[in-house]
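One chain, chain A, links the two complexes that follow: it is found with chain B in the first and with chain C in the second.
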Partner chain A sequence: MHSVLQRGNAILAYALSVLAFLTFLCFASTVFLDYRTHAEMNTVKVVVKNVPDYSASREKNDLGFLTFDLQTDLSHLFNWNVKQLFLYLTAEYETPSNQLNQVVLWDKIIQRGENSVLDFKNMNTKYYFWDDGNGLKGNKNVTLTLSWNIIPNAGLLPNIFSYGSHSFKFPVEYTTSRM
Partner chain B sequence: MDFINSIPTHMDFDGQARAEKYSRVIITLFGAVGIIWGYIIQQFSQTVYILAAGFLLAAILTIPPWPIYRKRALHWQKARSSDSVEHSKKKKK
Partner chain C sequence: MDIASLFDDVRRMNKRQFLYQVLSFGMIVSSALMIWKGLMVVTGSESPIVVVLSGSMEPAFHRGDLLFLTNYPEEPVRVGEIVVFKVEGRDIPIVHRVLKLHEKKNGTVKFLTKGDNNSVDDRGLYAPGQLWLTKNDVVGRARGFLPYVGMVTILMNEYPKFKYAVLACLGFYVLVHRE
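Then we have the complex of A and B:
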């Protein structure tokens, strides 16, 4: 004979099974969506300094400073399985010592419901652009790319790369003055 | 104590089957409506809330032994006297 507790247990278990199934449907409805979109970026001011890197070797390494513009519209990326986007701006470049260097210069969290039409002008980077040597001075091809990490309710955590990038050069001379 | 013991807590056999069927139907229906509504307004939280409402409704309707689940008690055969039981057992042997 089923008691009150047995019935309660049965419907709670069934409700949780249904919830798991609905969550799977939510995941399945968004897993094949294309989350790539265009982003335009541009550098405004680019200088490079040669200063001691006290956080690492204490030797003088190249430290890049730049300000950038960024325009993109991410509002169509949000759906019922996206809680927030983690945007990050990466600089990629090649040096004699490393074939691929990647430095994250800036990031931003956009939660669902917040403004996701971005139009930044002359932004400072959030993080230091350190090279692990002297690879920045006179570097002719540094590429900025915008990527985002999608944080869903259920499912995968994909890293998406935007269409559009910006390549720039570092000056051939170090800047010594304070900025 | 007598008062507590006098509260009927049982469901009959048919009532248990109906209680389980009703709870399944209610939760499934609320889940289906929830996912459709959640998809339309693109808010999965609404899906979860609607399913939770279905769970609460099912809990209220089918967990307590309401009188409607006690209407079709099984009609057991009357107990035979012990003599005849002994007799039939001997027969089978």
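Then we have the complex of A and C:
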């Protein structure tokens, strides 16, 4: 006869292997899906100041201010293996000192079940747009892109870029007004 | 199955059988080590699997979730990625998201991280005077996610007695159990 311990062990082992198998199926069923989609964004107001960055070098660095519009529908990205989307709006630009600069200006967590049809008008950024130097004034090509990091229930953690981006210029003069 | 019958098995073994048991125990330990070291080679990361220890990335990662890392030198670090990094003076690696990044023409890159659940960036967590992370601080980039599994190691680290009990039971079982 089997003892209680043996039965318990068998049940636990079987339950765990079934769970592992189902988790793998959940991962395998969504691993090849295409999570790209369209997003429209636009800048409304763009100014740049030259002020000391006390959080970093304490030297005077360029600090950009902008407000933006954003429209996108991400509801079809959710499936049984998407627990959360981490949305982030990146400003990407080149300066004489740095070949590539990427600054996240705004981010948002959308969990499954929450509203994922976004339509923002004249939004303020969530983070400061500090440059690593003085490369923002008169910068002719700053590109805004929306991306999302997919957090699954179990599986890969891809970073996806949206279709559609927006390029804008910074003014050639520093603003002196208070922001 | 009571204790006496467990030892019956051992008593019935001859020397060769006992030696065989010890060897198979050694095989289990060494193959676990081989898998770990093999993963280090394949992923390029000194620690290919990490357990999330804090709630700073909630609701994406909770305490006890498992992350699979890679750290290929040819893959550039980009904003929005989740990196695992070590800070001088702290034993435990930190899992946070890249928020800002500046890359020079010669390829040197510096970046700033922030936990999704934290309201400020990580400059307060870095070593005194450190403003940016570089590639040398990075242990790996999060590529895969598996929930809850790391809870076992958290339990074991928080209750060392439980760890030794589990290890003793497993070792005893492997040595005594006959195939």
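Rule of thumb we're sticking to: the second predicted complex is superposed on the first by the 178 of 179 C-alpha atoms of A that agree within 3 Å, B and C clash if a C-alpha of one lies under 4 Å from a C-alpha of the other, contacts with A are read in each partner's own complex, and residues count from 1 in each chain.
Everything that follows uses one rule, which is that a contact is a pair of C-beta atoms (placed from the backbone, for glycine too) under 8 Å apart; a residue touches a chain by one contact, two chains touch by 3 or more.
Remember, predicted model here, so these are calculated numbers, not experimental data.
When both complexes are superposed on chain A, chain B and chain C fit side by side without a clash. In the superposition on chain A, contact of A:Asn153 is made with both chain B and chain C.
In the overlay built on the shared chain, the residue A:Asn134 is in contact with neither chain B nor chain C. Residue contacts after overlaying the shared chain place A:Gln111 against chain C, while chain B stays out of touching range. Number of chain A residues touched is higher for C, counting chain B against chain C.
Using the contact criterion defined above for the overlaid structures, shared-chain residue A:Gln84 touches chain C, although it does not reach chain B.
Judged by the touch definition given at the top, the superposed model places A:Tyr14 against chain B, while chain C stays out of reach. Once the two complexes are overlaid on the shared chain, A:Ser57 sits against chain C while remaining clear of chain B.
Panel annotation: after superposition on the shared chain A, the angle at the CA centre of chain A between chain B and chain C (CA centres) reads 40 degrees, nearest 10. Contacts of A:Val103 after superposition: chain C is touched, whereas chain B is not reached.
By the document's definition of touching, neither partner reaches A:Thr125: not chain B, not chain C.
Measuring only between alpha carbons, the smallest separation of chain B from chain C in this overlay is 11 Å. On chain A, the surface touched by chain B in one complex and the surface touched by chain C in the other have residues 3, 23, 153 in common.
By the touch criterion given at the top, residues 1, 59-61, 78-82, 97, 99-105, 110, 116, 121, 123, 131, 142-147 of chain C touch chain A in their complex.
Against chain C, in their complex, chain A makes its touches with residues 3, 5-6, 23, 55-57, 83-84, 86, 88, 90, 97-104, 107, 109, 111, 127, 130, 132, 147, 149, 151-157, 159. For chain A in complex with chain B, the touching residues are 1-4, 7-8, 10-12, 14-15, 18-19, 21-23, 25-26, 29, 79-81, 153.
Put simply, chain B touches chain A in their complex at residues 9-11, 16, 19-20, 23-24, 27-28, 31, 34-35, 38-39, 42-44, 47-48, 51-52, 54-55, 58-59, 62-65.
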